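Some structures are shown below for you to check.
Each of the next two complexes has chain A plus one more chain, namely chain B in the first and chain C in the second.
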Partner chain A sequence: MTEKHKQFIRNLVPIFTLLILVFGIAAYEPGFLRPRNLMTVTADTMTLFLMASGATLVIMLGSIDLSIQAIASMTSCIVAAMLPMFGGTALLFALAAGAAAGILSGLVVNYLRIPSFVATLAIGGIMTSVAFWASNERSIYISDEDKLVWLNWATGTTAGIDHEVVVGLAVLAVLSVILSLTRFGRLVRAVGSQERAVVASGINVNGVKFFAFVISGFMAGLAGLVMAARLGSGSPTLASEFLLPAIACIIVGGTAITGGVGSIWKTFVGALIIAVVRIGMTFVGVTVFAQQIVFGLVLVLAVAMTIDRTKVSVVK
Partner chain B sequence: MASINLRALAPIGVFFLLCIVIAIFSPNFLSVSNAIRILNASAIPVVLVMGATFVILMGSIDLSIEGIVALCAVVTASLVLNDTTAANLGMWAIPFAVLTGGMVGAINGATHVYLRVPSFMATLGIGFVCLGIATAALGGFPVRIADRGFRALTLGRTLGLPNGIWVATAAVLVALVIQERTRLGRYVFAIGTDEVTARQSGVPVERIRILVFVLAGLFSGMAGVMAAAQLGQGHALIASGRLFTTITAVVVGGTALSGGVGSVLNSVVGVLIVVVLTNGMVLMGVPPFVQQGVQGFLIIVAVSIALDRRQLEFVK
Partner chain C sequence: MKTVLELRNVTKEFPGVRALDSVNLHVGRNEVVGLIGENGAGKSTLVKILAGIHRINEGEMLFEGKPTSFRSPRDAFNHGLAMVFQEQSIIQTLTVAENIFLGREQEFLRFGIIDKRSMNSAAKVELAKVHLNCEPSEKCSKLDFAARQMVEIAKALSLDGRLDSDIVILLDEPTSVLERREINLLFEIIGELKAKASIIFISHRLDEVLEVSDRIYVLRDGAVVHETASADASITGLHEHMVGRQLDHEYYRENKQRSSFGDPVLSVRDLTIDGELRNLSVDLAAGEILGLAGVVGSGREAFARCLGGLMLPSSGEILIDGKPVKLNQPNQAVDSGFGFVPSERKSEGIVSGLSVAENMTLAAGKRFSRFGFIRFDRERTECQHWIKRLQIRTPSVKTPMQSLSGGNQQKVVLSKWQIVGSKVAVLDHPTRGIDVGAKEDVYELIREMADQGIAIVLLGDTLEEVIGLSNRILVLRDGEVSAQFDAPAGAKPDQLDLISNMV
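Right, the complex of A and B next:
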């Protein structure tokens, strides 16, 4: 079997896992396969996918972003606090704040040369403070009127298709194009698989890393907007529980933590796997409280299975 | 040589400078009762950094601190006289809880070493598993402790000082002896400085790595016991914010995240800096939610000062 065949099969594993899980649940509960139900499940998964979509680029570099949940919570607060006064401008503010958080992470990693897991942990702490400040330490409700006018693009339904799904597919398309058709996208893979070679070719590695963190921050910010729209409120802890599932869905989809290997569609499939596993657990009777246990284990196992050990001689 | 000494002394200088500045703005800071308050607030963080310092000295990281503390607090609370279970082990609950922490540490270490998963991923996943167990075991409710004798562990006083301070002092002594007087301590520095050379010189790297994670688990377990005694209950959220404070304290104290440089005494100074800063902000009327942001900022500043960039070819 050539390397290409192996790669092909490796790509199919997450898809087959998803199909097996879906049919497994369908055998248990035939109604699960109704189109309306599948649509709802997909729509429910999109916030998770949005959070993980940008972070996928960062992980493909071999770095990590541990600030995405803090950024999403922050933008939910910003949008909820600003909508009554500023209307649609609040959305732009929130997205800009998300991107700004990514800019900070990028600068700290590049210029202070701090490893990304510490840098983003610290930036996440700062963003949490910003969220508490913006929300005055409480949940802020979004009025139905504001929701209908300004957030319908995220939560409405057109011709039977939930808008969350449309947003998710649009992000999937845009990021996939960026990743496979642009110079930046090729460099992301290159830096992830052979940073030394890329540096030696005289390419500005810092620029690539910087933009990956900015995209990650922006997407986390967008995820925060959609979450706020769905829940009808913003809160400084809105997305706290999402960091682990978000990283899990990137890894479960087949993107390796060591960098170089990965795609946005893999994260999309990974997010659906996580969602279906969660539904499956509820069917089987695993309480919501215990689901964290399963996700923690899934994360560790998926990392162990996808990691490229030839790349790290010393595992720290 | 002089520059090395300067770097080692810098945290102590920062500590005194901080005290002077706060004392100028708020004279209450220098009272005996406030000093005791600061030492008491330092007790649990000090116990936590003892374990975390060894892990970071190896160049690894332990992100499971909050999970272990929460799990061990729940174990403690369920084993002493309480409102949920029938157990009444009194002080015998302590070894059980501490050993639980050590066991989780062993799982951390074994996952990291045998599955060759980077420590931040292994401990992130297992930390969430612990949080999940702590939540699921109680169905989301807290266990209230009714055992007054047990609560004296932190609430009682000996020689005029709260007992928590004595426990923390004992933890520092134990850690100091391990660092200075045992083979384990020397090997930790060897692995952190240069793992490849250490291995070639016959250091049993795998065993030491696992042992250090066990040690970190034991200290986190003790911190969980203290948290349960202090708050009179055990629940899953009892440790929230502890991870952040611990890592801030270790790096602010001058222990380098790249490994090999630092000391448990540095981390004690680091804890005092973080706690005094928090105390000072409270005295000066700064809202508490700013603290996480300030700590995030401190992490970035401290890491960027302490990092030996010559050792780092690439920053991931």
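Right, the complex of A and C next:
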């Protein structure tokens, strides 16, 4: 078997894993396969996917973004607090705030030369404080009227298709195009594969990193909007528990934590795997609190399987 | 004489390269064995096999007559084979004594705690063996390079008296950064060591090898091509065995060497890089090949990296076509017309995760994209053209770079700068680690680039390569130009003349 075939099979592992899990649950509960149910499960998964979608680019660079859950919580607060006064402008403002958080991370990484995990951890902390400030430290409810007028694009249903799924697929399409057809997308892979060679070729590597962080921040912000729309409220801790599953679904999908290898559809599949695992655990009777144990284990396992050992001579 | 270490028909292959080809070698007790060979001859592979970093494909290694395979450098060390590497393994944040006894602290444990005093006094004994007068409790970061090298040797010597078995000490290019006085001291120490241990001495300085060794092996293209007692050897004889031929004009395509050049392209005025290079001035015309000769630390690597935008100049001026350019960053260098081919191909030359085409157009992105979207058709056509022209062996333009051989990878790197249209190609060891046939292809390619009017700054892998390819040679020593030679086809300067200006 050639290296090409091996790569092909490795690419298919996540999809097979997903199918096995789905049919495993269906064996327990045949109703699981009903189209309406599958649609609901997919729609439920989209917030997780949105959070992980932009961060996938950052991980492909070989960096990491640990601020996405804080950014999502923050934009949920901003949109909930501003909708009554500003209407639709609140949505733009929330998205801009998400992108701004990404800009900050990008600047800190590039100009202060701080490793991304520290930089984004710190920026995440700042964003959490912004969320507390914007929300006066509590949950803010979104009125049904505002929800219907301004957030129906995220939560409604058209012709039997939940809008969350439409948003998710749109993001999947746009980011996939960016990654595979644009120069920026190619450079993301290049930097993740061999940054020094890219630098020596005269490429502005800082610019590539910067945009990846901005996209990650923006997508996390979008995830926060959709979450707020679904729950009908914004809260500074809305997405707190999402960081671990978000990183897990990127890695489970087959994007390497060491950078250079990955794609958005992999994260899409990874998110579905995580969602199905979660549902499966509920079936089996694992409590919500114990589920994080499983996500932790899944993450370690997936990293162990996808990591490029030649790149990691020393583990710190 | 009892044989301590022996290699029998040892063969080591890497994908696409046979690095060692049935090597036979033995080291006797109390013997100093010299090992010489050009870059790429297989010396470092041999060292790594002895150290337990690489495994043997075929053949066997015997230590004290028993078949042995070391699992790691530490394992080799514990069995009595100590290495002193070119790149030092001293940990700068630890003290001298801690470095000498790293990993062997049990000896000094008292109730589970290291007894610093007894460790320091034991270190004192080891330091005396290398005549190094420093406090064992001093941090290694406080020592200069030569002193750290001595600590490294002291660490190897500390095996003496602690093991029942014989001791072999391997010195890999130990003199390359030492001053003459320190080299003399080292040779004195080696003389004393002989009574207790066997020594393998690796160097590219033939005079030193001759001076210090009892017996010498010459490696070429992965095989032992010559073995001689030092008493019967001469520098010129060893050199011929090492190179394998008289200086060959065909090999470096001397018949294709240009004798007239285009307009001046590059001017360097009083370029200084603190601690590396002082007041270098040189002019270079289109189509001219400028060779840089010098030992490690002479400043030639710094100069090359500076032209690539990877090292900041402290003062001086660089002009392209008469206009001053700034080279503070690699993108400025590329925009100014420089194309830098780094010596470390795997980490700086290629992006192994990208395809052949993606590597070729990496630096010329704007030409192959519109509104940020890649123009795949245009890219494919251009890359196929270069693959054909440079005879790059690859199944397709989409093949991942990592599955190409070293020589073909290097051709891709060279094509990258031709696609950009660089005016000055800076080639830092362009033939390092590629096999002989591929080297010839690269030489051909360098001649072609010169014909197209690209000015070339060349740091050769060997002195012979610099002489064979260049129109003109600058010799650098301690950061300054010590001599300049014209090297027209048919009237090439002599190696020994260059060497006398290098050291």
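Just so it is clear, the second predicted complex is superposed on the first by the 316 of 316 C-alpha atoms of A that agree within 3 Å, B and C clash if a C-alpha of one lies under 4 Å from a C-alpha of the other, contacts with A are read in each partner's own complex, and residues count from 1 in each chain.
Assume a residue touches a chain if its C-beta (ideal position, glycine included) is under 8 Å from a C-beta of that chain, and two chains touch if they have at least 3 such contacts.
Quick caveat: nothing in here was measured; it's all calculated off a predicted structure.
Of the two partner chains, neither chain B nor chain C is touched by A:I215.
When the two structures are aligned on the shared chain, A:V261 is found in touch with chain C, with no touch to chain B.
Contact with chain C, but none with chain B, is seen for A:T182 once the two complexes are overlaid on the shared chain. Judged by the touch definition given at the top, the superposed model places A:A55 against neither chain B nor chain C.
By the touch criterion stated above, A:A223 is placed in contact with neither chain B nor chain C.
In the superposition on chain A, A:A90 makes contact with neither chain B nor chain C.
Within the superposed three-chain model, A:I293 lies in touch with chain B and out of touch with chain C [touch as defined at top].
Annotation for chain A, partner touching more residues between chain B and chain C: B. Of the two partner chains, chain C is the only one that A:V198 touches; chain B does not reach it. Of the two partner chains placed around the shared chain by superposition, chain B is the only one that A:E137 touches, whereas chain C remains out of contact. Counting contacts as defined above, chain A residues 196 meet chain B in one complex and chain C in the other. Residue ranges on chain A touching chain B, taken from their complex, read 61-64, 108-110, 112-119, 121-126, 128-130, 132-133, 137, 195-196, 236, 244, 247, 257, 259, 287, 289-297, 299-300, 303-304, 307, 309, 312-316.
Chain C contributes residues 308-310, 330-335, 340, 342, 347-354, 358, 362-363, 365, 368-369, 372-374, 403, 416 to its touches with chain A in the complex. For chain A in complex with chain C, the residues that touch the partner chain are 3, 181-184, 186-187, 189-190, 192-194, 196-204, 260-261.
For chain B in complex with chain A, the touching residues are 58-61, 111-113, 115-122, 124-129, 131-133, 135-136, 139-140, 195-196, 244, 247, 251, 257, 259, 287, 289-297, 299-300, 303-304, 307, 309, 312-316.
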